[in-house]
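After this come two complexes, each holding chain A, first together with chain B and then together with chain C.
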Partner chain A sequence: MTSRLSGTDMIAELVLATIFGLLLLGIHRKLIARIQRRPGPPVWQEILHMLKFSFKTTWVPLTASRTLFVGVVLIAIGIWTAAFYVLVSGGSLLVILGIYMLHKIVEHGFGLSSGSPYGKYGGVRSVISAASEIPLFVSVAVIAVYTHSLDLSSIMQYQQVYGPLLFTAFPAACAMFLVILSKMPFGPFSIVEAKELVSGYKTEHFGIWRAGLEVCNGLKSFVLLAVFLTVFIGQLTLPWLLTGMIILVVLLAFSCAVTPMMSPFDSVTIQMVVTGLMLVYAMAVLVVMHP
Partner chain B sequence: MRMKKTMAARIFCLGAGVCMFVSALYLAGIIPLTLCAAVLVPAFPATVLALFFWWMAGQSGGDIPFIGY
Partner chain C sequence: MASIGGIPSYILEFGDELVYFTPYTITLFLLALTFTVLVIISRPERQVDIAFGGDAYRAKEISLSEMRFRRFMAIACGLASMGAMVTGDIFNFTLFTAMVGITNVGIVAAVKSPHVQDAAYQYGLVALSATVPLFAGAAVYAAATGSLSMIELMKGTLPAVPLIAKAMLVIGVVGEGMAPFYAAKAEMFRAPGAPYVIMCSLSSLLIFLRVVEVVLLG
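For the complex of A and B:
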C-alpha cells in the first residue's frame, strides 16, 4: 500500500477502492441475509444503489441549511479521500483516528442540515455513538507502546521484524474490531440507522446527495478494513489485502447477523465497559513493556 | 438556484482535469504526494457530484436540483 503510486493509479486506486468498498458492503449485507435464512440482495446491490440514487430526483428541502446540506456531502467524501491517501502513503495513524472522529461530526452535520426531526435525532445519536471511538484511543495507545511510533509505515516495519500485532496485542485488535463493527450497517451498535428514525441522519439526503454518501460509505469501508489489516497484520500484497478484507467482512457479518440492534443506552454502556477493560489491558502492557 | 447540464459537465471536466493534472505532476516527480493529495481531497468529491449531476440533468433549461418542496 505504501509503494509510490503512478499518475493514473492516484485516481484509479481511489475509484477502485470506492467500488470495492461498496462491494464489501454488498457482501456484508448478503451474508447477513443468508445467515438469517433470507435470500438477500445480490452482492453488487450497494454499487447499484449508488448508481440508482445518482439518477434519482434531487432536491434541497426548504427547511434545510443549503450550504451545510450540500457541503456536508462534499466533506464526507473529502475526509475519506484524505484517509485513503494517509493510508497509501503510510502516514500517521493519529490522522486516521482524527478522521474517524470527524466522520461522527459529519454525520451530525448531515442530520442537522436537513431540518428534519428524523435527521436531527440521527445526528444526535451520531454524537452519542462517538463513545464507540473511545476503545480506539486505547488500541492506538497500546500500538504506540509496542511500536514506539504511530506512523503506519513504522508499524508495518515493526511487524516485519516482530510478527503481526494481531497476536501480540490481541485485545487491542478486538477493540478495534469493535470500532469497525460500530461503523458497519445492520450491526448491534448501528443506533444512528435505527428503523424508528427512518434512515436516521441521511433521511432527507436523497438522489445525488445519497449517491455521494454511498461513495463515502464505500471509501470508508475500504479504509476502515485496510487500516485494521495494516495495523494488526502488516504490509500485504494486494490479493492478500483484498482477501483479508473479505474475511473481516465475513466476521463482521456474523457478528451483525446474530446480535440485535441495541438501544442507545446499552450501546454506549457496552462501549464504555470495553473501554474500561482496554484501559486495564493498556496499563498492564505499559507496566510489562516499561517496568 | 438551478443547474444546467452544460454547467455540470463543465464542473466535471474541470474537476477531472485538475485530478489528472496533479496526478501527472506527481508522476513526473514535480510535486510531492502530500500536495497531490491536498488537491485531490477537495477536487474528487466535487468531480463525483458534478458527474452525477451531469448524467441525470435534462438537456434544456434548469434541472430538478434545488427545486425544494
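For the complex of A and C:
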C-alpha cells in the first residue's frame, strides 16, 4: 500500500474506495435486517442513495448559516480523503487518529449549521460522546509501546517480524473495534442518529449535500476498517484486505443487530468504563515492556 | 531527528522561539486555519426552537453587537489554536492553550441566555483551575531538562522528562475543554451561532491532539 501512484490512479483508488465503503455499509444494513428476520434493502442500497441524492433538488434552509452549511460538507470529504491518502502512503497513524477525532467537529458543524433543533441535538450528542475516542488513544499508545513507531509502514514491518498485533495486543484491538462500532449506523452507540432526532445531525442536509455526506460515510468506513486491519493484522494483498473488511463488517453487523441503542447517558458511561479498563491495560503493558 | 508526528519539514527560528511543521502539525494547523476562515466569512444561523406541547416554533435572532464580539473571540480562538499547533516551545504551547480556554469562555459568555452563561461560568472556573497544572507542567519540563524547546527534546540528548510533568501538562489541557468536562460545555455547544460555537469544540480537540505529540517527545 506504500507504492507511489499517479494522479489518475489516486483518484481512481479514491472513487473505488468510496464505492466499496458504501457497499460495506449496504452489507452491514442487509445483515442487520436478516439477523432481525426482516428482508432488508439490497446491499447496494447506500450506493443508490448516494446517486439518488446527487440528482435531487438541493436547497439551503433559510435559517441556516449558509457558508458553514455547505463548507462543512466539503471539509467532511476533504478530511477523509486526506486520511485515505495517509493510509495508502503508509503515513502516521496519529494523523488518521486526529482526522477521526475531527470528524466529531464535522458532525457538530452539520448539526448546528442548519438551525434545526433535531440537527442541533444530534450535533450536541456527537460532541458529548467524545469519550468514545479515548479508547482509541489508548490503543494507539499501546501500539506505540510495542512498535516504537506510529508510522503505518513501520507497524506493518514490525508485524512481518513479530506476527500480528491482534494476538499480542488483543485488548487494544477490542478497544479499536468498539471505536469503529461507535461510528457504525444502527449500533448501540449511534445516539447521534437516533430516531427521536429524525436523522440527527444530518436531518436538514438534502440533495447534493446529503450525497456528499454519503461519500464521506463510504470513505470513512473504508478507511477505518482498512486501518484496523493494517494495524492489527499487517500488510495484506488487496483480495485479503477486502475479505478482511467484509469479515469485520459481519462482526459489526452482529454486534449492532443484537444490541439495542443505548440512551446518551448509558452510551457515554460504557465508553468511559472501557476507557478506564484500557488505561489499566496500557499501564500494565508499559510496566511489562519497560520495567 | 523525528517526532512522533513525523520529520519536521520546516523550522522557523526567532532566537529562543521557534515554529516547526511536521506532517501532523501541518494537518492540524490547516484545519484550524480552515475553520478560522469559515468563522470570518460565515454568518450565524437562526436557531429554531419548538415550543413544548404545541406546534409553535420561533427562530432566535442574534444582535449585531453580540455577533461582532463572538466573531472576534472565535477568530482569536482560531489564531491561538493555530499558534498552539505549530509552536516548538512548551511554554508558548501552554500560553496558547490558556488563551484557547479564555476565548472559549468569551465565545459563549456573550449569549443572552442564563443557561449558557451559567455553563460559561462553570467552564471558566474549570479552565482557570486547569492553568495551574498546565503552567506547572511547563515549569517542571524546564527544571528537569533545562530547555523548553521541542526540537531539543526531539533530539533525545536532554535528560528524560519526568512523568509528572507530562501528566500535569495533559491534565491542564484536559481542563481546558476535554472530556469529562464536556458536561459543563454541553450547554455551551447548543448556544446559537454555529460558526463560533464550533470553534470551541475544534480548539479543544486540536490542543488535545497536539499535546499527545508534545508528551511523546521527550
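Here, the second predicted complex is superposed on the first by the 289 of 291 C-alpha atoms of A that agree within 3 Å, B and C clash if a C-alpha of one lies under 4 Å from a C-alpha of the other, contacts with A are read in each partner's own complex, and residues count from 1 in each chain.
The definition used in the following text is that contacts are C-beta pairs under 8 Å (C-beta built on N, C-alpha and C of every residue); 3 or more make two chains touch, one makes a residue touch a chain.
Since the structure is predicted, the reported quantities are computational estimates derived from the model, not experimental observations.
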item: Partner chain in contact with A:Y121 - chain B first, chain C second, else both or neither; value: second
item: First, second, both or neither for A:S54, with chain B first and chain C second; value: first
item: First (chain B), second (chain C), both or neither touched by A:A82; value: both
item: Which of chain B and chain C A:S113 touches, first, second, both or neither; value: second
item: Partner chain(s) touched by A:M10 [first = chain B, second = chain C, both, neither]; value: first
item: Partner chain in contact with A:S65 - chain B first, chain C second, else both or neither; value: second
item: Broader residue contact with chain A after superposition on the shared chain, chain B or chain C; value: C
item: First, second, both or neither for A:K104, with chain B first and chain C second; value: second
item: Partner chain in contact with A:V73 - chain B first, chain C second, else both or neither; value: first
item: Chain B versus chain C as contact partner of A:G212, first or second or both or neither; value: first
item: Residues of chain A contacting chain B in one complex and chain C in the other; value: 62, 66, 75, 82
item: Interface residues, chain C side, partner chain A - complex; value: 4-6, 23-24, 27-28, 31, 34-35, 38, 41-50, 59, 178-180, 182-183, 185-186, 189-190, 194-195, 197-198, 201-202, 205, 208-209, 212-213, 216
item: Chain B - residues contacting chain A, complex; value: 19-20, 22-24, 26-28, 33-34, 36-37, 40-42, 44-46, 48-49, 51-53, 55-56, 64-69
item: Complex contact set, residues of chain A against chain C; value: 62-69, 71, 75, 79, 82, 91-92, 94-95, 97-99, 101-102, 104-105, 108-109, 112-117, 120-121, 123-124, 127-128, 130-131, 134, 137, 144, 150, 272
item: Sites on chain A touched by chain B in the complex; value: 4-8, 10-11, 14, 54-62, 66, 73-78, 81-82, 85, 89, 207-208, 211-212, 215
